[in-house]
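Shared between the two complexes below is chain A, which has chain B as its partner in the first and chain C in the second.
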Partner chain A sequence: MTSMLKTLSRPFVAKSSGDLARLGVLLALAGLILFGALRYDNFISPFNILSFLRYNSMFALIALGMAFVIITGGIDLSVGGVAAMASVVAAYLSLYGWFPGLAGGVLAGLVAGSINGVITTRLRIQPFIATLAMMLAAYGTALLLANNQSVSVSYDTAFTMIGQDDFLGFPIPGWIAGFAYVLGWIFLERHPAGRHVLAIGDGEATANLMGLKVERTLFAVYALSGVLAGLAGVILASQFGAGQPTEGVGWELFAIASVVVGGTLLTGGSGSVGATLAGALLLAMVFNILNFENGLGWISLSAYWQSVIRGVFLLIVVVLQAGLMKKTEA
Partner chain B sequence: MTTIETSSPPAVRSSRVNAAKLLSRYGTFAAFIALLIFNLIVTPNFVSWQTLNVNLTQVATIVIVAVGMTLVIATGGIDLSVGSLMAIAGAAAPMIFMGQLLPIENMGILIILSFILPILLVMAFGWFNGFLVTRFSIQPIVATLVLFIAGRGLAQVATNGNLQVFKNPDFQFIAMGRIAGIPAQVVVMIIVAILAHCLIRYTVIGRQIIAVGGNEKAARLTGIPVRRVKTFVYVISGALAGLAGLIVVARNSASDANLVGLGMELDAIAAVAVGGSLLTGGRANILGTVLGAFVIQLVRYTLLANGVPDAAALIVKAGLIIVAVFIQQRADKA
Partner chain C sequence: MLLTMQDISKAFSGVSALRSASLSIAEGEVMALVGQNGAGKSTLIKILTGVYQRDTGLIKFQDEDVVFATPSASQAKGIATIYQEINLAPQRSVAENIYLSREPRKFFGLLDRRAMREGAAAVLKTFNLDIDVDMPVAHFNAATRQMIAIARAVTQKAKLVIMDEPTSSLDEREVGILFDTIRTLKKNGVSVLFIGHRLDELYEICDRVTIMRDGQTVAQSAMQDMPKMELVRHMLGKELAAFEAIARDAGNDDSRPIRLSAEAVGSGVRVRDVSLTVREGEISGLAGLLGSGRTETARIVFGVDKLDKGKIRVDGKERSYSEPADAIADGIGLVSEDRKIDGIVPDMSIRENMTLALLPKLKKAGIVDRARQQEIVTRYIKALGVKCASPDQPIKELSGGNQQKVLLARWLCTDPRILIIDEPTRGIDIGAKAEILKLLRSLADEGLSVLMISSELEELLAAADRVTVLSDGRSVAVLKRNELSETALLSAMAHQVN
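Moving on to the complex of A and B:
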């Protein structure tokens, strides 16, 4: 109860183990950027930065939705499948223009996310199972709609602009992700409903007794995660010119890893939007650096090392987190 | 016992409760029988050795992994790394019997080592999972996520992502061979299931697994070595995943680190859920898990044999999982 009150009335800057972890991820990201900038010639070139952001915006969007779900103490395993399904829907609707494509993909995500929300709150099935089933159903739907093939998008409409073009010299997917993160940050840190999300993660029963609308908030969080996964699917289809029913495998785990690396505990009740972005960028940058390192010609690490290195990153972070948790408990 | 039963709740409620209990206890079995009857009537050529063979060999590896998963879930944990561990064992075995790793000439010894060493290797990884869970109190889903991501990468790095093609009847006996007319992998599956069933039913560690999952604090207070029990289940889960990995590569005459065991964690968890073990722990229904895997396999086969695309089978599987878990929870609350 006291921790619950603390969460609700917490000042915007608080000293806790989570903040230390968040500071850690920012330092690690800064260190990695510095390392890359000093070591490689074109690392901080506009081309590398912009293509990095263009490609990784999808993952950042999914990680944002995942962060909200995890803060409530839940999990969403369906995001990869939902993104694949949304990419197929968007590809079909891109015939009618960029907006129907975009809206259709987002709507597909919203429907899937809402079903997740209903199954977890009404049937009271654990989020892990509910979203696991949704992942299977979303892939099934995507494959059925697409006839087991990738679906080419229309190049006659402006649909491919969403993923490929720039606006004011900055990639459009980057704008979308940036906008989503700013909204997410305002919502979580400055809006009462965002504080409710944190309170529910701290203790559902207590939040209920305090009169917070737990079910409605949980439903909204899963719907939001679905919408963001749908948006990522739209960008996927637009960027690669096709709706891809088999893409997105493992995205959910990448998103979970981003959130965890960003210092959000899987037990819920705390978390930060900014640190999640840093976590997603950190994991993505591992791959970027690996490419540059190979380009130097000294070593030739296969692309397969990236998953090993990502796994080691995740390991270091969770072990450090566990250590910090023990210290603050003591 | 009888005194407890005489003070039963009012009739209306108890009949509903009984329905839920019955459904949860025999629902999977009933679904299995219903599927069999449906196929007997509708699917052409259902009664044939080939149908039996196809279904049994396809389900064998899922059952083997799902049995390990049942033990992990019984302690309240989960093991996401099984698919990656399959890939590691599947990559290691051909490297050993093709003589790339060890300077041993004797083929017989190499074959034996190519069974033992990969499984010992993945048991070590399973121990590592258990170590993270018990030593650092990291949630199982995160702790095993580390090897889910890194494990397949290790297998890919070791093989450079290349397909290892081989032809080795001695090694491949585990998948291709027959024991008394029964495919060897099916025999392995049956042995694994029986051993695990006996482990849970008749051994001290089996009862301790249930106790830890039921109430960890109480288990610790009664002197159960909680950490050791938890580590044990992850080691076993790793060993069984390794065994399944060996069977898969032996069956394919090839090892592809990118594909071996891909998505297996989901199939195994689904089998456990449909089989009626509560995912919150404290229960381990091995026979239920076997039946759950059979039901999922048979649903897929039924749909495929009747011209329904594989993609639709995914949606049916999703519905099946939700319904099974929902019934379980209802029965448990009652």
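Moving on to the complex of A and C:
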């Protein structure tokens, strides 16, 4: 009788099909770094590494928020617009010091994200539609606030340090993103509320019947995505010295791509913070390498070609992952 | 009494689902809750667990008046529900599923993963289940998932565990394990509300039984004081007056050619061994309790579900359809049980609804031949007596009986030789019921073979030329016209024949 029901524990490699995909993205990242290091002289230089991290921290932040949204089975198309809006708000408030600038940008993101949360949970509007509307509204607000031009930040306050300076030899945006990822990891993997995010993505009706606070959690996830987009906007304004109402176009796609490359299913219920970071770094690394390739002078790829190549690369990674996942399931 | 529900009523947009229903369960008791589809069992459960709110009535749980606003409120009081489709988060681990929403915590509110893992393993062990609690639930079979759900209930310190058709996806061995688990629960003073249809199982595991029909509690007694026949009679009840008998008098003519036959067919766990025949120009009834495999049998014949074993013959030739389109091409039509879900497209007109299945044949140069469509629609509206303002009226505006006629017309205009019709008069008022049955009769007289699935005794008694009775996925009796009677049908359904 004992363990009559014992299911055959399969020869054990990965607990879920996502695990291998996550391993895949790490391998791809390592391969790309190795390729760059061998091919280009200054690829591994401190300058390249630090500026890579400084610039791409923004994208990593929005990818983190997107990961949580996608894990619940939703999507947030508004992050680019919200970042643009936040950058304008932050630029205006930077006159009063670095903290008002930072807080103002983050608050703008929180407001936008909360509205997304209310519309999707209370009004039961599809996240795709709700956040698409928010994207348009956020860009509109950004242009209105900025009178259709970029808004210079204050150079008299410490605001520009947020995006441009280093702390302990490491770019401040890198610290911010790193800190956000550590918290995000602890939250998703080790905190009950993070597990609830995963369970809700697995099935909202089921989660509700199991007594989880579905609406509250979904609201929080969209608010979080807004906050991180706001933070990215603050870094954007600080790094480029101006609030940019027309920046952020396509950021949501970069974020979605990072999450997907990181092995998170668009259907929700599975996902990893670490792999999302690896996915974001991987996609950014492709750009970095293309820049170096142009620098060699043998070929000259326009930004358009770079975009095409990145798209093809993304497709290859996703197809490879799909293959890996199928194998684990078999 | 652990639980007393008294005079519970509930209506949905004016239609009453429960009318003064009641239910009471003692501590450590296994109570069976039985009834036909639509009897109000699930509404009653959902009111108890806080998914719905009652309109009137009283609920006492552990001698305390309670109103549960949400499922989590009832869980907090010690009522755990294991739904038919086992509600667990499939990608989360076993341990997480057992503890979701009540996780053990350590510093900073973080998960105490070790306590969770050890606790989960310990509680599963009490059910003789030794599995890797870190594996996602989706890796396990239905029976194991059910144990996990029960383990979840136990760690919730549930006083009452509600199981909604827990055996519907289990095989015999797994049912045995489930019953052992229920006995363990009982020994620990936990009560179980067991919703099920397989009579043998109910008699094996349950102490008492509550029978519901039409939103009311019609009987409550100790299991051993309730003979099977009596139980079935209570469940099915009697509908107003019996219909006028419209079956062919001595029409049980075994010399007619066999149109459709199933020989010992099986598929999955729902259909194990079903044989039936439908002859030319006859209405062949298919009877059985809920869950006996009637609808599933129709799905196999129609090519929706795969045939695992046995043979299906149409006009003597062996057939195995891989999809409904093949069955349709062979002249078989299926009018499904639930009009709202599988049948009508509510916002489309009568014309469109009626010719949906015919559209491929209605094309002229790639577009719909409106003139022919109009002609067909007019003809069937007249022939079947559909009461409507115009063919362009949205079908949702029609009464249930008229909607059913449109659906019937949808298949008739494809010129089927065999029509399978599942619960032809469900949700239709009594006058329209008789009319639909007469219509089927006259179609049969013109040579159509009808396989009529029905849970209403009167309907079968009135219209069927022969009735095949299913029980637990097996055909247990075939009653010819001259053998048909209420008693014969009831005892076959209760499986006392053979």
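Everything below uses one rule, namely that the second predicted complex is superposed on the first by the 303 of 330 C-alpha atoms of A that agree within 3 Å, B and C clash if a C-alpha of one lies under 4 Å from a C-alpha of the other, contacts with A are read in each partner's own complex, and residues count from 1 in each chain.
Here is the rule we go by: a contact is a pair of C-beta atoms (placed from the backbone, for glycine too) under 8 Å apart; a residue touches a chain by one contact, two chains touch by 3 or more.
The model shown is predicted, which means the values in this text are computed figures rather than measured ones.
Undergrad: So, does A:91 touch the first partner chain B, the second partner chain C, both, or neither?
TA: So A:91 meets neither chain B nor chain C here.
Undergrad: Check whether A:53 is in contact with chain B, with chain C, with both or with neither, and answer first, second, both or neither.
TA: neither
Undergrad: Now for A:228: first (chain B), second (chain C), both, or neither, which partner does it touch?
TA: Neither partner.
Undergrad: Looking only at contacts as defined up top, I'd like to know whether chain B or chain C touches more of chain A.
TA: Of the two chains, more chain A residues are contacted by B.
Undergrad: Based on the superposed arrangement, let me know which partner A:191 touches: chain B (first), chain C (second), both, or neither?
TA: second
Undergrad: A:71 contacts which: chain B (first), chain C (second), both, neither?
TA: A:71 sits against neither chain B nor chain C.
Undergrad: Per the contact definition in the header, classify A:111: touching chain B only (first), chain C only (second), both, or neither.
TA: Touch partners of A:111: none, neither chain B nor chain C.
Undergrad: State whether A:260 touches chain B only (first), chain C only (second), both chains, or neither.
TA: first
Undergrad: Considering only touches as defined above, state whether A:304 meets chain B (first), chain C (second), both or neither.
TA: first
Undergrad: First (chain B), second (chain C), both or neither: which does A:269 touch?
TA: Touch partner of A:269: chain C, not chain B.
Undergrad: Which positions of chain A sit in both the chain B and the chain C interface?
TA: Chain A residues touching both partners: none found.
Undergrad: What part of chain A is in contact with chain C in the complex they form?
TA: Residues of chain A touching chain C: 1-7, 9-10, 15-16, 186, 190-192, 195-196, 198-199, 202-203, 205-212, 269-270.
Undergrad: Once bound in the complex, which stretches of chain C touch chain A?
TA: 51, 70-72, 75-76, 81, 83, 87-93, 96, 100-103, 105, 109-111, 113, 128-132, 134-136, 139-141, 143-144, 147, 173-174, 177
Undergrad: Which part of chain B faces chain A closely enough to touch in the complex?
TA: These residues of chain B touch chain A: 78, 80, 132, 136-139, 141-143, 145-154, 156-157, 160-161, 262-263, 266, 269-270, 273, 279-280, 309-315, 317-319, 321-322, 325-326, 329.
Undergrad: Can you list the chain A residues touching chain B in their complex?
TA: By the definition above, chain A touches chain B via 75, 119, 123-126, 128-130, 132-137, 139-144, 148, 249, 253, 256-257, 260, 266-267, 302, 304-308, 310-312, 314-315, 318-319, 322-323, 325-326.
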